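Order of writing sets the chain letters: A, B, C, D and E. Residues in each chain are counted from 1.
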Amino acid sequence: MIAFDFIVAAGMLLLAWHLLSCRDLFQSVVLFISFGLLMALAWVRLNAPDIALAEAAIGSAMTGALLLAALDEFKPSAKRRNGPGPGIASLLFCGALGFVLAFALLKLPPEAAGLRDAAATEVSKTGVSNPVTAVLLSFRGYDTLLEIGVLLMAALAVLSLGNRPPRFVLAPSRSLVLSAMVRFLLPILVLAAGYLLWVGADAPGGAFQAGSVLAGAFILAALVDTGWMSRVSDRQWRWILAAGLGVFLAAGAGTMLSGVSLLEYRGATSKRVILAIETAAALSIGATLLILFLGGTGRMDTDGKDDS
Amino acid sequence: MNLQESYLYFILLASLLPAVIIFFIPEQRHRLRVFVNMAGTTIKLVLVFVLMAGVRQGKVYESRITLLPDMDLVLHADALSLLFIGLSAVLWFLTTLYAIGYLENSPHRSRFFGFFSLCVSSTVGVALSGNLVTFVIFYEALTLSTYPLVVHRGTPEAMKAGATYLAYTLGGGAVLLVAVVWLRILAGPLDFQTGGMLGDLVQTYPLELRCIFVLLIGALGVKAALVPLHGWLPKAMVAPAPVSALLHAVAVVKAGAFGIVRVLYDVYGVDPAAQLGVSTGLAVLAAVTILWGSLRALAQDELKKRLAYSTVSQVSYIILGAAILGPVATIGGLVHLVHQGLMKITLFFCAGNYAETLGVHHIHGMDGAGRRMPLTTGAFTLGALGMIGVPPLAGFVSKWYLGIGGLRAGQEWVVAVLVASSVLNACYFLPILYRAWFREQAAAWPEEHAGSRFEAHWMLLTPPLVTAALCIAAGVCAGSDWSPLEWVKMITEREYAPR
Amino acid sequence: MMASPEAWLVLCPLAAAALAFLWRSRGAFIGIVSALINGALVAWLIALMRTEGVRRIEIGGWSAPLGIEFYADGLSPWMLMLAAILGVATAVYARGYFKDPGSWFWPIWLMLAAAINALFLTRDIFNAYVCLELLGLSSVALIALSGNPDALAAALRYFFVSMLGSLFYLLGVSLLYSAHATVDIDRLRSLVSETPATLAAAAFMTVGLLLKTALFPLHFWLPPAHANAPAPVSALLSGLVVKASLYLLLRLWFEVFPGAIFASVAPLFGLLGAAAVVWGGIQALLQERVKLVVAYSTVVQVGYFFLLFPLAAHPLTAELARQGVIYLLLAHAIAKSAAFMAAGNFIRVVGSDRLEDMKGAGTALPVSMFSLGLAGISLMGLPPSAGFIGKWKLFSASLTAGQWWWTVVLAAGGLLSAAYFFRILSPALAEPSRLGAKIPRTMKWTPMALALAGVLLGFLAPQLLEIFEIGAPLRPAAAMEGGP
Amino acid sequence: MNYSVDNVLLGSAVLLPLFFAVCGLLPRMRGVAAAGTTPAGAAGLAAALCVSAESTLDLPWTVLGLRLGLDETGRTFLFFSAILWLLAGLYGRGYFRGQERAWLYHVFYAFAMAGNFGLILARDAVTFYVFFALMSFASYGLVVHNRTDFALRAGRIYIVLVVAGEVALFAGLVALIGRTGINVTLPAGEAMAASPAALALLTAGFGIKAGMLSLHTWLPLAHPAAPVPASAVLSGAMIKAGLLGWLRFLPVGQDGYASWGTFFIIAGLAAAFYGVAAGLVQTDPKTILAYSSISQMGFMTLGVGAGWMAPELWSALLVAVTVYALHHGLAKGALFLSAGIAPGGMSRWSWAGVAVPALALAGAPLTSGAVAKSALKYSAHELPGSWPAVLGVLLPVAAIATGLLMARFVVALREYHSASHGDADRRWMVPAWAALVLASVAVIWFWEPGAGFAQGTLKAGKIFKAAWPLLVVAAAGLAVYRWPPEFLTRWIGRVPPGDLVVPAEAVLLFLRRTVARAAGRFPRRAAPDLGNLVDRVASRMLGLEKSLGVWRRVLIVLLGLALLLFALSMAAAAK
Amino acid sequence: MNAVWIYLCTGAGLIALGVLALVREPHFFRKVLAFNITGSGIFLLLVAAASRVSDGPPDPVPHAMVLTGIVVSVSATAVGLALAKKYHHLTGHTALPGEEDEE
């Protein structure tokens, strides 16, 4: 298996090098998506299925989508001029960086279980059995709260910039095939998202993965028909965007008000609370990723009397 | 806080509050501003007299606020403080009056008088400081509150002068801070103490203390306009006349000189300073300043510039007196703090009057001014003669004590310096008087001020006349109980009595 | 557990951000109320700490290696206080500045407030990473708020800098976790040793945070970013955001990394700090735009903060140095915000921020002029301002430690500050011109209040430093070991 | 404090003139002031006549504690000075009638009078100095009163020397008393051993006022420039202030100063002869009188020197000098006043009025001059060494020379037409003048200590002895009368009024021009173009700053810093 | 030498590459890509280091951290791209002023 790992590792490095240095931006994006898939493989090899799922859904697919949407803006100047290669000094310093890192890592003790055992003993108190979900939403739930904040922040930032959406969104495809496929795919994607959400408590999966699948569904829908979005009012969109954070905050406030520490939920209620949070979060994540993809135009900040 | 302590704050507030209020008075509310100004100055004058009476009986007023756990803001009124405060309170009163007249109908009066009062508050703070840290605080405040006054006219020239002023004074301030911190580390709390506060440190850190002394003098010498740190003073002459009066007589230059006196007497102490040998160096520097200032004054044709260089020279009398280290010289130096103030402010008031009424700024244009403005020129004459040291005017008394003090301390050369300076003073003042009184007027003066019964607006005329009268009084009545001289003698007795 | 202001300090601004997003037209109102609540919460926290001392609270009921903990010793409420003061001031000022109450400013700013609060309270270096990212993104969005190309360029530059810094920081966190299986500062402190992983982590985290703190020679991004943002944003960025990464850096060097290497690294920091003071000062002198001058002044001030390292390494001066720096931090935050706000007023009235166009602005805006002057006093370290107290302590520390060269740097910095502040003030004082524009009263008086506070805080040093000394933060291991 | 009659008299001698002087400054009080100034000298006279020797007036609250009183020397000085001031005042009342600026004259006159009285009455050093300065500066106003170019130039030279004298006195006084106190009771010379520097400074300081040779230059300019009555007090009274200063401050009459005595004698003799020589070639009668004053002050200087050389003779010499001062003051005053009368026409009686004081100065028998000279000679005989012989020859020669000068004066006075104006009121002038002539004749006979000497001169032998030079004078006078002054100039050379001043002025002017030319040759600042340099440095710095922001360099800086930190900490860890 | 070390070194390599490109590449787009690559390297490093176990599942805490990190990085990517787009839209530039632009 080592050989496989070698190949994956070498492939990642090669792809990375190539995607960062190739002339065509589009090519870069494609290579980046491939890189993400290789990464997912690596995650699997490293016994990290949750991350593998997230990588595939978010790291590779979502980011790829974002990049493609951005490429739409940069197309006219997407070609790279053959400039001077990286200077010797830069190469040297980066090499030194890699060397120092490798040196430090190789000096690490070969065996380290980390907090695995501590987590394993405490996981039963959380009401979920997937240790990663337990860490995410219980042990380090506070991190996740802030992370949801980061997502909302990203949405705010993008909205505040008020970019136009990519052209292919502004002019939705009239292709029948595409629209038929989308109509077919949409329910499946929503279902899959629901599944990922539900299963996250005990197996790989969870709000992020579900959210990104949901986002995929939203984006597909937008690609064939922007009209559906206008059926949801601005205010409703904003509520959806803020729902994840809102529920999380409500949970936090609730725990505080009930006299326990922030985000302290145990036993029977725990799973329900976590599920509620995850559901709202997944919804918001989906909406947020859609906003990020669309680049925050037109639709959602119509009432934003921009001050610039 | 008991009543005695609160006096100190009242004195500070007597100018600080008006400052704050004046900033908010709309430009056109002239009467209100005048009222606030005059009320502040009057109250302050009364308070200072009350305090003086107390100090005379040997009381010492003190108040402490903790600024940092190991650093107090100390206000402290002893005889030396009151010498300075007394001077500034009296002159502030007159200068305010003068400024009201001088700036009639000119823009930004609220700003001007606000900073004016701030400046005086800082001066009072400098005088009342009970330790070096407090001193530094007010000293810097003085720098800052004076700057807007220097650039008040807003002309490019004024801005340039302001820049020079700031460059010098803030540079000095930075050095001062370094010196004070250094001293603080060596000597602990820097409370002023009669006879110095160094104690045995003189033996332990002779080199350090010398360095600190040099730094301190370098810093304070900027405001005191010691050569070669005096460059800002003549440039600052672009400011309106009341500001010049403030710079030269009431506040800034005096604060520097006062600081040097404090450092010499109440930080280092007379004996340690002599042991370290720093006082002689200071005296020589002062002497050089006295002569250089006079020489440069000789070369000026602009009246105010000449007066400015004269200040450079005269203020160093104070420092010379202090540096000679002896009771008699100390009396001479300290009393010159007051006397120089009275004389120089008279001269500046008069210079302002010439500029304002006759439009005369240069000495070559002063021909016949005496006949057109006899009262002003009379006051100017008294101030100038006092500067030369003609008895029985105030300047004579200082010079007399300085000369005898120098001799008593075995420093005969001091007398030579005084003589040379007097000659130079005569050389640059007498020609002015000659022109004003004895030359025929060259060109027509501007039109008379309508409605004025006197040669100038009464608010412009009264202050120089009063200060000129004070110049005479300070000399003629030097022996009386309330003269600056007697007050200074009291300080000197207290300073030298313990030993 | 209701009595945990820490949690509310994070929840409230986050909730307010969400609310300001949901009801955008009420942004200003929500923002101001939130800022006030924030102030009350900080006061509450300080009150609690005065009786209890250091506070440590588990989040979610999970204790440290597995869970995350809130932690507050003297440094935290100090920084929170600073954030709270600036928060209220910014809110009031921004209400006048952004004519549209529904501006995007409000939710983004509230996010930033939440991130800052969370960062100052966390004891977990990974959690701190998330906070940093939240902070970074909100700052980027705020810089870009005006939407003009210069602002966008500055925002982009800041974005990449911020990301680069965060990545280096995260790299360090990863290394530390890999080596010690914890991200809790206290546990790390007892675990770290001089292994390559730890040292590499130290190096990477440090440069990452230095980049975000804009220490010379990594300051290149700061002036354009701070100068192109809207005035209230500049105030926040300079006053607060720069200090967030500095805070983290201080925590790391004083509480995580082994004391043995502190002493060998400290002079380097001192050197860079000194270089920043001089270089920043010179650059500030050469700028032609008001806000650039003020922004370079931040580069200078950041340099001052780093003098803490060499001075804290000396056992005799550690206390003086940290109190001095911490007071400078406070002074700078308040005064710099005031300066940016006042400068904003000038720009609003003059319509340009070139120095040459400022002629006579002081006549039109005497209050702003005065505020700028007062702020300058504090930044120059002139007495009796808060800046003076800080400088005084640093002066004392450097002279006591026998490292007089820092004194020279400090003095030079003060003089340079005076020089460049004068460059702003002097045209404003020059010949009056007729500028008639009106600005809202809130914009006029907020910087004044801040500037006055900057001066008056000089008198509150004993009381305030008492708060800072709760739990005696920022005591380097080196100083403790080498102490008498 | 005891305000006895004495105190009131002492005070009023000074305060009354002061009061009127200040009055004169107020426009509405000018009339009162002029009327008051005229007889204000009477206050001094009253004090001289009535105040008892022991009484002093202490004013501790003034300056450094003013102290007024009267000793015997002072009494004589006050006496003749007061007579002069009083009569010149009355004279001036008429002299200035109708003149526009008369009030200003009166103001200065009163100030100078107060100063003169004050310095005579001064019982301590500071008081003396204060009043001396008051008198010196106030007389500037008298000198320049006419505002002619001549007067202004005279004033300029006068004030330069006044200032020089003031600072010399200041330094001398400080040096004299500096080691012992702040102030000292007069006479100061007895109390202490003075340093040579102090003596030299005091000698010079008072020497300027006393017209000591080489310091005399202001006299021949100021006296003719001033209005007539002012010249009278300048030459009669104020010039004596210098002498009094010597008497008060120098340790004359003490052992150990023989060389100083020699110096004074030589200086005195030189002045006596030079004054005559320079005076003889002058044409203006007032200039002649001024040179005569220099010459006469030489005799008094000689007296002081003799007393110093032979301390045992001092008590007698002091009297002699005092008597000489009395004589010269009144006689010279009378002669000066005559210069104001002459242009208006002189009767025969009037010429008698001119002749009597002139003869007195020449030392004619039965005049005050004879008395004074005999007093001086009497003591000179007792001097040690060859001095009696030398003086025995020189003094008669000097007397002859003085006689010649007086003859020259009379000649010049006959041709004198200027210096008065049409409005002058002779009804005030002539009686005042006459009174002064009378006083110059009479006073010596009854005023102690002059009276004692005077009776001594009445012996026939002495009269003859005093008269024989006069015969020579008569012959020479005839010669002078016959030959025009050109004859004298051929012998003596042309001496412009103010003699030494003229070359001094030329030298100063030359120096000033040279310095100015030299200064002009060197550009004030040869500094390089600093502004340009600053600009270049600034743009360089800005460029450097920009390059720091280039990402490529950022990378290097960032990674370099990281690697440096890593290396540093590794090194520290390795230790 | 097992898989963990391979991935650790790969992580180090990706980081070095990413940093190099992040700083070297002027184009916003590539900067964003580089930033993602660097992030991936760090995540890889963290998870690989947590996999240094001979038996049983690896430590879940780094996994959670990486999940958080991925979300953060996608958020950042979106913001960066949005900014770059708007900047390009306004000015036509694809790189920061002062960086060499590709046309």
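Just so it is clear, a contact is a pair of C-beta atoms (placed from the backbone, for glycine too) under 8 Å apart; a residue touches a chain by one contact, two chains touch by 3 or more.
Predicted model, so just to flag it, every value in this text is computed and none were measured.
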item	value
Target chain C, source chain B, minimum contact steps	1
Contacts common to chain C and chain D (chain labels)	A, B, E
Chain closest to the assembly centre - both centres taken as Cα means	B
Identity of the chain that, by mean CA position, is farthest from chain C	D
Farthest chain relative to chain A (centres taken as mean CA coordinates)	D
A-E compared against B-D, more contacting pairs	A-E
Rounded Å distance between chain A and chain C, as computed from the means of their C-alpha atoms	31
Cα-centroid distance, chain D relative to chain E, in whole angstrom	100
Whole-Å separation of chain centres (CA-atom averages), chain A against chain D	107
Centroid distance [mean C-alpha coordinates] between chain B and chain A, Å	73
Shared-contact residues (touching 2 or more other chains) in chain C	66, 126, 130, 133, 137, 140-141, 144, 147-148, 164, 171, 175, 177-178, 181, 196, 199-200, 203
Interface hub residues of chain D, defined as touching at least two other chains	549, 552, 554-555, 558-559, 562-563, 566
Residues of chain B engaged with two or more neighbouring chains	none
Chains touching one another, given as label pairs in label order	A-C, A-D, A-E, B-C, B-D, C-D, C-E, D-E
Contact footprint of chain D on chain A as seen in their complex	87, 89-90, 93-94, 96-97, 100
Footprint of chain C on chain B - complex, ascending	23, 65-69, 71, 73, 107-108, 111, 133, 136-138, 140-141, 143-144, 148, 151, 154-156, 159, 162-163, 166-167, 170-171, 173-175, 177-178, 181-182, 184-185
Chain A partner contacts - residues on chain C that touch it in the complex	1-2, 4, 7-8, 10-11, 14-15, 17-18, 21-22, 24-25, 57-62, 65-68, 98-100, 102-105, 107-108, 111, 114-115, 118, 126-127, 130-131, 133-134, 137-138, 140-141, 144-148, 171, 175, 177-179, 181-182, 195-197, 199-201, 203
Contact set on chain A toward chain C in their complex	100-101, 103-105, 107-108, 112-115, 118-119, 122, 135, 138-143, 145-147, 149-150, 152-154, 156-157, 159-162, 235, 238-239, 241-242, 245-246, 249, 252-253, 255-257, 259-266, 303-308
Of all residues in chain D, those that touch chain A in their complex	552, 555-556, 559-560, 562-563, 566
